[in-house]
Amino acid sequence: MKTHAKKQMTVICEMPVMHRITRVLDKVPVTGYTVFPALSGRGSEGTWDRDRIIGDAGRMVMIVSVMSVEQADVAIDRIYEALEPQMGIITVADVDVLRPERF
Amino acid sequence: MEAILQLAAANILSPPVLFFILGFAGSIAGSQLTLPEAVAKTLSIYLMLAIGFKGGVALAAEGLTLALMLALLAGIVLSALIPLVAFFILQRISKLPRIDAAAAAAHYGSISIVTFVAATQAVRSIGLEPEGFMVAVAAAMETPAILVALFLARSAAKQRKAADPDAGEGLLQEVFLNSSVVVLMGAFVIGAVTGAEGMAAIEGFIVVPFTGVLCLFLLDMGAVAGRGMAQARKVLDARLVGFGLFMPFIGAAMALPFALIAGLSTGGVALLMTLAASASYIAVPAAMRLALPEARPSIYLSLSLGVTFPMNLTIGIPAYAAVARLVTGG
Amino acid sequence: MEAILQLAAANILSPPVLFFILGFAGSIAGSQLTLPEAVAKTLSIYLMLAIGFKGGVALAAEGLTLALMLALLAGIVLSALIPLVAFFILQRISKLPRIDAAAAAAHYGSISIVTFVAATQAVRSIGLEPEGFMVAVAAAMETPAILVALFLARSAAKQRKAADPDAGEGLLQEVFLNSSVVVLMGAFVIGAVTGAEGMAAIEGFIVVPFTGVLCLFLLDMGAVAGRGMAQARKVLDARLVGFGLFMPFIGAAMALPFALIAGLSTGGVALLMTLAASASYIAVPAAMRLALPEARPSIYLSLSLGVTFPMNLTIGIPAYAAVARLVTGG
Amino acid sequence: MKTHAKKQMTVICEMPVMHRITRVLDKVPVTGYTVFPALSGRGSEGTWDRDRIIGDAGRMVMIVSVMSVEQADVAIDRIYEALEPQMGIITVADVDVLRPERF
Amino acid sequence: MEAILQLAAANILSPPVLFFILGFAGSIAGSQLTLPEAVAKTLSIYLMLAIGFKGGVALAAEGLTLALMLALLAGIVLSALIPLVAFFILQRISKLPRIDAAAAAAHYGSISIVTFVAATQAVRSIGLEPEGFMVAVAAAMETPAILVALFLARSAAKQRKAADPDAGEGLLQEVFLNSSVVVLMGAFVIGAVTGAEGMAAIEGFIVVPFTGVLCLFLLDMGAVAGRGMAQARKVLDARLVGFGLFMPFIGAAMALPFALIAGLSTGGVALLMTLAASASYIAVPAAMRLALPEARPSIYLSLSLGVTFPMNLTIGIPAYAAVARLVTGG
Amino acid sequence: MKTHAKKQMTVICEMPVMHRITRVLDKVPVTGYTVFPALSGRGSEGTWDRDRIIGDAGRMVMIVSVMSVEQADVAIDRIYEALEPQMGIITVADVDVLRPERF
């Protein structure tokens, strides 16, 4: 089956910032995204653990969105801006997809 | 004085505080003992639902009074005033950047609902009956502090609005519709509407197991606070730790005249002092991550969760109750 | 008529319904207030365990009767019949594709266990004692509707079997071993076996806090339904909303003669009407995603969760109870 | 250390459909897969949130399976078929693995 | 003999055991019925908190006795001795590699806290009052077995220390600070400190709903054990299954003389036998994954969870209680 | 916006082993990692499901760490060693990142 080259953008960010990022994605616009909860981690501020913090501050999630190369070009700058002062990381990777009509 | 010590001893030796200490000590010793996030979140909703409902039922019995209005007003003013004082002190005694000081100050204007619940329990256990409407005062004190902190930090923070015109949206929702205010006030109103009959229907859930549930929750909070305190050792210097220990007493002292003017009962005075003394660690940190991302959470969370919260729970509450008794003669 | 209004007012002003309304209103106002998934799932298991067990204990006291057999039969026939009527109406009044209509119809043949629990509570609170075996009737009504809907949709759906010979497997398991049927019937049997003695052992868990737990759960369900209703505004036209509001009364009306023939008590009549009126939003949607993936969940979930469920909880239940009283003179 | 080129297949699909996909993977056969729960997301039907829906309909999971290029060729067609009428996305990416004897 | 059968029947027909059987049967039939991980973890913390606290309160009433010291000692010795016996037997009757045998043996030296809770409940329901300090004995028996198993397996295991000097760290923490020991002993101490007054404050949480919560938890454990048993059929041969069924009786028999020497009451004897008979399925497996990763979890988890646990819960407990009565004349 | 080539290392391992792996990452050192909880899966020992096991044995998590090529070279050998007798898989993939100063 023929597959089609797309970009997968992944943002690991804090829960309170999540909506800021998804609002950016909505405006690109991309066709969709999925958010995954993290369990624990370590960064420049030390370690954290979902069950050992309370509230949303410091709780990380991973936002995954598959999109075309053009959309990725637009999204990258805007996400950079929105996340700039915040903790977290942004990665872009090449993926092949089935059902290209969905992106 | 003896009475105060007795009160303190009774408070420390009550099951809720002992379970808090267990969690705290276990966490410092390195145990993995915590409740899962989903359960901790639910227990905190349970506590707010129960305390809100009971407050509403009490209000239905007492009726609306002038004191309610005055106490609400007092709470709002205190919540706005305390951050200014805290900010001023922090600027004097520490070298914290302006933005960190503003963020930390906001926590002390807002409240810790768990501290409030524990205080209510403690105050009742010594025979005082605080006003039911103190729950509404607690809810009213959650948010003004946040707005004051934003104002304090404005000059320091970059103009994020320019970059994202909707940036404020999430923040306002976080501030005014955060679930603790909704549950607390919603249950309060439902309690007021259904009164004694409603209480009879659900007291098997919100009264019978209440103290035990509080123990379980404080076991978990102890573990979280223990971790916060371990963090505190790394990021806070002696002056900041001192701030975390003494600021509550300043807040409580500021609350005392307001409480007396509002004509609160002895229990009510103790609770308003506790509210003023307590520092937020759920609503305010989340708002700060959005509004002042450059402020370091390690500072403000360590202060409010690792220093102030355990101090209030063990020493603060009995002290405020003792002062309230002395002053009101109750 | 006055009696009916009184009943409706009493129902609306009961803590469970008020907490539902709180969740509903909070959700529409944009609050993030919901219970974590894991807890909501557990509370629903708790409610089924408690209601099943109580039904079993009641059965042990009543003994097996002809009415039980008749009621079971009535439930199964209703569950199979109602989707046909619902499908017919949907085809007439709306332009829904055949497959969407079949999927939506299936939901109305099956039941909402939370609606059943709330109705049991409401009916008891006005002094009626429904038959214990109504729990078994509820369990029996969960699945026949699904099979009827598959039959209705067959011509429209593609032959998925050809592509994956095991495709039906997951579906059958979903339909016949879904955990709500297992918990409900299992607890029912255990209640019947252990009787009053078993009840004495665990009533501190399944009776004492029951109404309060229901409040907490309905707070969450209110938030979910509020979201469903927001969705409903976008995807449903006036005719479909009308269907969601009136179909329950048609189902209830269909149930009435069956309930009378089976010789149910006043409370039992009210419950069978409620079961017939209620629409599934857990078991049937999951089955539909497997069996009729082309049917749009936004349609059938908005209808059953956003329109029918809140209507039943607030207006429907007191109405069915009032009719049951009128008709049986109970 | 020498690494070995493999394919990572990722399927984001609804919970009720999950077993249909894992059954397909079992038949390829692949040596294993891991499923991750999503927290929330947005697609053509709008947004969803784990704590705001009840039941499994609309609840998404991510199935990750690392496999050889040959297995991927087989898997792709079959997963396409199984997922065809359903919501969700399918991506394939290049990864290098250690311990190739495990795939 | 008749008395024993009566006891067994009463045990099997109690709600907790029936819910266990429901979960077990449902799981084998293929139902998806389980509690979410977060809730199951919390319920197990609840059970330990409740049983620990009750034990502490009982100790406060009884006072410290020589029997306590003797029982603690007996528990520790048994926990170290049983793995040696189990290892010896496994080496004789099965062809398990040395490392698998050592890992499995460790499970039988340690304990299952749920089995202990169920036994306490069962023993109380027939009118026996076991010593409060048995909780401390349970906690003391959790870990010695693990150390013995490491010793047994040492020759077989590779020298992992060489590769990662910190490898042992996680293990020791897992072994000595695992949360079940912390909760159990912490609640025990708090119960002993606060005594009857503390009990009055929280019995609405730890006594009133206790048996019902146990039912819910055992429903879930039944599902887990049912899955373990399905696994067991695949990986265990008849000899290993036989080991899983009979090893508990050997452990119980070993405990009997210790219990008598320590001068325990009838209920205490039954509990020490149960502790010796039970096999760990939480703490020890996690430790084995770290210490002996080459040992196959499918073997030791199937044995302890799929064979020994259900056997103890249904047949073992009433048998040990009956023997304890016979021997002590209680 | 300019992106920068990095390596994303992903380890799917059992919960009790997690700290062993993160300790290795701490020592490389990498700037951070994030851990995600798995829901269920299948491997050489058969299937598992988060809600159907008790305790941490057999419960899998995914550790994700984004790092430079040099760090990846170091990390790979050490993780291999730490995970060698354990269940689970290790993959390395190419990703582009924003904010390279964070790695």
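Labels for the chains are A, B, C, D, E and F, by order of writing; each one numbers its residues from 1.
Heads up, the rule we're going with is that contacts are C-beta pairs under 8 Å (C-beta built on N, C-alpha and C of every residue); 3 or more make two chains touch, one makes a residue touch a chain.
Values in this document were obtained by computation on a predicted structure and should not be read as measured data.
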Query raised in the report: What's the fewest number of moves from chain A to chain C, given that each move must go to a chain touching the current one?
Result: 2
Query raised in the report: Of all chains present, which has the mean Cα position farthest from that of chain D?
Result: B
**Report entry** Centroid-based (C-alpha) most distant chain relative to chain C
**Finding:** F
Requested in this report: Please state the rotation angle, between 0 and 180 degrees and to the nearest 5, that superposes the Cα atoms of chain A on chain F.
Outcome: 120
Report task. Could you grab the centroid distance between chain D and chain E? Build each centroid from C-alpha atoms only and quote it in angstrom. Result -> 39
Query raised in the report: Taking each chain's centre as the mean position of its Cα atoms, how many Å separate chain C from chain F?
Result: 45
Requested in this report: List the centre-to-centre spacing of chain D and chain F in whole Å, with centres computed as mean CA coordinates.
Outcome: 18
Query raised in the report: Using the touch rule from the top of the page, what residues of chain E touch 2 or more other chains?
Result: 35-39, 208-209
Requested in this report: Could you check chain D for residues that touch two or more other chains and list them?
Outcome: 36-37, 93-94
Report summary line: Listing every touching pair of chains gives A-B, A-D, A-F, B-C, B-E, C-D, C-E, D-F, E-F
Requested in this report: Write out the stretch or stretches of chain D touching chain A in their complex.
Outcome: 10, 12, 36-44, 60, 62, 76-77, 79-80, 89-94
Query - Of all residues in chain D, those that touch chain C in their complex - result: 14-17, 19-20, 23-24, 45-46, 49-58, 81-82, 85-86
Query - Sites on chain B touched by chain E in the complex - result: 13-15, 18-19, 22, 26, 29-33, 35-39, 125, 207-213, 215-216, 219
**Report entry** chain A residues touching chain D - in the complex, by the definition given at the top
**Finding:** 1, 3, 6, 8, 22, 25-26, 31-37, 61, 64, 66, 93-99, 102-103
Report task. Spell out the residues on chain C that touch chain D in their complex, using ranges where they run on. Result -> 27, 34-37, 40, 44, 158, 160, 163-164, 166-167, 170, 174, 221, 223-224, 227, 231, 234, 281-283, 285-290, 293-294, 296-298, 301, 305
